[in-house]
Amino acid sequence: MKKLINDPSRVVDESVEGFGLAHADLVAVHTDPIFVSRAGGAVQGKVGLVSGGGSGHEPLHAGFVGLGMLDAAVPGAMFTSPTPDAIAPATMAANGGAGVLHIVKNYTGDVLNFETAAELADAEGIEVRSVIVNDDVAVEDSLYTAGRRGVAGTVAVEKIAGAAAERGDDLASVAAIAERVNANVRSMGVALSACTVPHAGTPSFQLTDAEIEIGIGIHGEPGRRRIPMASADEITEMLTNPVMDDLGAGGSDQVLLLVNGMGGTPLSELYVVYRKARQLLEGRGATVARSLVGNYVTSLEMQGCSVTVLRLDDELTALWDAPVHTAALRW
Amino acid sequence: MTLDVAWTVDWVRRTAQVVLENRDYLVELDRQIGDGDHGENLKRGFTAVIAKLDGATEPPGQPADVLKTVATTLMSTVGGAAGPLYGTAYLRAAKVTAVDVLDGPGVLAMLEAGLEGIVARGKAQPGEKTMVDAWTPAVNAAQQAVADGASAEQVLAAAATAAEEGAVATDPLVATKGRASYLGERSAGHRDPGAASSAMVIRAAADAAAAADGAA
Amino acid sequence: MKKLINDPSRVVDESVEGFGLAHADLVAVHTDPIFVSRAGGAVQGKVGLVSGGGSGHEPLHAGFVGLGMLDAAVPGAMFTSPTPDAIAPATMAANGGAGVLHIVKNYTGDVLNFETAAELADAEGIEVRSVIVNDDVAVEDSLYTAGRRGVAGTVAVEKIAGAAAERGDDLASVAAIAERVNANVRSMGVALSACTVPHAGTPSFQLTDAEIEIGIGIHGEPGRRRIPMASADEITEMLTNPVMDDLGAGGSDQVLLLVNGMGGTPLSELYVVYRKARQLLEGRGATVARSLVGNYVTSLEMQGCSVTVLRLDDELTALWDAPVHTAALRW
Amino acid sequence: MTLDVAWTVDWVRRTAQVVLENRDYLVELDRQIGDGDHGENLKRGFTAVIAKLDGATEPPGQPADVLKTVATTLMSTVGGAAGPLYGTAYLRAAKVTAVDVLDGPGVLAMLEAGLEGIVARGKAQPGEKTMVDAWTPAVNAAQQAVADGASAEQVLAAAATAAEEGAVATDPLVATKGRASYLGERSAGHRDPGAASSAMVIRAAADAAAAADGAA
């Protein structure tokens, strides 16, 4: 394992410290417990948005703290959801008196820790609502799973709910918008290589040069199945078709297409995937009205990508287009 | 033989030791079907627990005091799924151990409370390839032992053995809860890390009891 | 070699096509010969900025086409400088009647091909000036080398010269600003792993788990020396100190600090490097007035990073802060 | 034996063939001390050259016509350092071959013009580990052969052998021009890819001449 780190047990602290120094105009970094909040503190009268989860998915979530998106982010240890004692103060820091929305990716650990934190915040008199993001179509939402995972669709939820909060929606409305985004967004991912968690020291799985993992999550876990290496166009079909089938999109739908890199994929390759995914969407009659291509929800240095499609309506499009000023997303 | 507050402290210290010794093993189990952090998570948690115990200004009065410290420390340091689950288990166990000494039924009540806590938070049934599959047989064995009139130490020994067997029995299971469930059929053939660590926790309790007995 | 590509000989075309589709609001993609220009065409009366070079360094250069930065970018084959027959029409497309500045990274191939293109454009009556970027302190500028390479400092040259052109400076002034940036910027890079050029199929060099290459360029070439793996802080010192020594910065200097990922490094690690680099700069008395952390000048999926320091003055700072609206840089 | 336009076309076709056959070899040489594209660059270039020749509506009249097509096609398809350097070499060579048939001095003039073009663009001296180190001995050997009264075919044969030796002789050199110079001392022990391809180009000329001779 070769990484630009000093000590596996200090990597999150040092990285977040560096992040805070580089973006002091946007964020304030709190330590012990560690969380990141908007510079200048909570916006009075605005619904606060808090997200968080294991580290290793950067720029998610701290990279999305700022105007038009999150008010606070809580980075856990690598791939490990943060603890309630960090989420609770982040929730208080995000509270401008209008309540706080927790945006939680659907993993047992994240759900449980945010749940407890919400109770703690509630005990302090802060109204908390939660939205659970579960956009990963690789996982069946059934009795036989812990439900679908939350993956790259989280960016859309955070951006659009953030815009709704920024325009002054109340907590119930912001939560409803977030739920609407979640209900209309689907993702699926592929890994060409595994990643190595610093404290584990060995790759999360082993792939030969002729194999890839389809249906991976964002924690270096293996996917649903291992298949022979294929062309970018073939792989893009394997990702895009299940997403579109599940979403039931097509016809005259306006969609947002997000091709997300897992951290170790050249940007040039993401655009090759984007090109094919767009062809497939258009082939089904959908119109790609908005696009995002890049590393937004990563899995350390994993090579691979995910395809996310969000069905838009006029309001969601307007909220997506609304100004955002964060370290990783800005317009 | 007395399962008192000293036993409780000894149990926790033994747990910390076995978790640290098995950190890599638990990481490796979790790497196979999860995200490779379970050993690291518990190491972080129990290291903090020991620091808490060492740094305490006044000694704990009852088992409940120790278990409550463990509960809150794990909750605030472990994270992931294991943090809230273990945290709740210890918290519930603390609720029924506000006594000076635990007898056989007292130990059983403690184990039952722990399992209830895990199920209350995680909603897993037996057979879903989680830590519940170590705790459930442990509680069953403890019930049987109490029914047979066993001592507290014997109750824990029976529970530990059953927990270990339960952990081994997760090997062929297909996970339907937790992170391993995302793997579907591919989760079969691997031991559940949380079940493995749970067996270690309960074995540490039995070992501490045996040591207390030897010392007594 | 596993890559999200279809055909090594088509990867640049398909990637640029995808890029054009994703950013149709910002750019127009021309094929045969391939180049990227600003949507809406040349800005009349404004000095045009054209850059280009081998592909594989994305988002450089196409990702920097847009308001406040480049007017056209010419992507060559992977790691191969583009040909004059593509650079020349890009130059014409960028010409708004006030002449065109070529921003060329100092590689023999790039210099020669841009030189020829400038002659071709000149024959069409377009005034062309060139600035050669050579910020890499790993390479000595001496009789014994082809001179310093142009690496991540290119981003600063393109951004700041782009802002000067946008505010209406004439060609000589824009060229002078670009030269001033180049004179005040230095970089040095490290590789933890090699990259694989699609048409080569094998990694550009082999490193064991215990070795790294110090003083690499951005074409997958080996560096100046191979050293044992070290901590992030140690590596950051090995990069930052030569940069600062060569720049002679310190004292009361205001600087811009760019920690650039080579493509396969997690963002979290780049912030660990940023943290230490900033400490080192401040330890020398410099003030880090501006920062940029991310993948801007990459080497496909290489793991590693470079540290770039630009000495600022009030004008350069104002030009850096001026609005920019491109696919990869926006504020 | 006549080195006419047919010979020129044959030379170019042979060059394309040898470059395509040695594409991987040239990539590998360039991977060692450069950026691993030299073979791919020349493959792209000469594939385009052949397409240009095949697609021409009227046949070329003189060697110069062929060489000019090669020059402009390489310039617009090869890129990198090799594109302008080879392009200029062929362009300059075309300037001195606007004749029907090349004799020994004519071949020498062509080689000299090619080398001049490379040096004019690249400013490399002999010994800097570039293609100049294949072209310089080739020109020297051609001069000697012409002085000895050799035939055009013999001049090319001498030039080709010298170019090959020149390419081999780049192995121990430390590069001070081109991409390999960034490696400093580490560039020693590897053959320069441009010198290697240059030797192939000149050998193809000699081979075409030998074949023309056999046919004549």
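Assorted remarks:
Every chain is named by a letter (A, B, C and D) in the order it is written, and numbering of its residues begins at 1.
In the analysis below, a contact is a pair of C-beta atoms (placed from the backbone, for glycine too) under 8 Å apart; a residue touches a chain by one contact, two chains touch by 3 or more.
Everything numeric here is computed off the predicted structure, so don't read it as measured data.
Under the contact definition, chain B and chain D share no contacting chain. By the touching criterion, once chain A is set aside and every other chain stays in place, the chains split into these groups: B | C, D.
Centroid to centroid, with C-alpha atoms defining each point, chain A and chain B lie 33 Å apart.
Averaged C-alpha coordinates give centres for chain B and chain C that are 55 Å from one another. Per-chain Cα centroids separate chain A from chain C by 29 Å.
Shared contact sites, meaning residues of chain A that touch two or more other chains, are absent. Remark: the chains found to touch one another pair up as A-B, A-C, C-D. Interface residues of chain B, counted against chain A in their complex, comprise 27, 31, 33-37, 40-41, 44, 75-85, 121-122, 174, 176-179, 181-184, 186. Residue ranges of chain A in contact with chain C, taken from their complex: 1-7, 11-12, 14-19, 21-23, 55-56, 58-59, 63, 192-193, 209, 212, 229, 231-233, 235, 263-275, 278, 288, 291, 293, 295, 298, 300-301, 303-305, 330-331. Residues of chain C touching chain D in their complex: 9, 33, 54, 76-85, 107-109, 112-113, 115-116, 138-139, 143-146, 149, 197, 199-200, 202, 204-205, 217, 219-222, 224-225.
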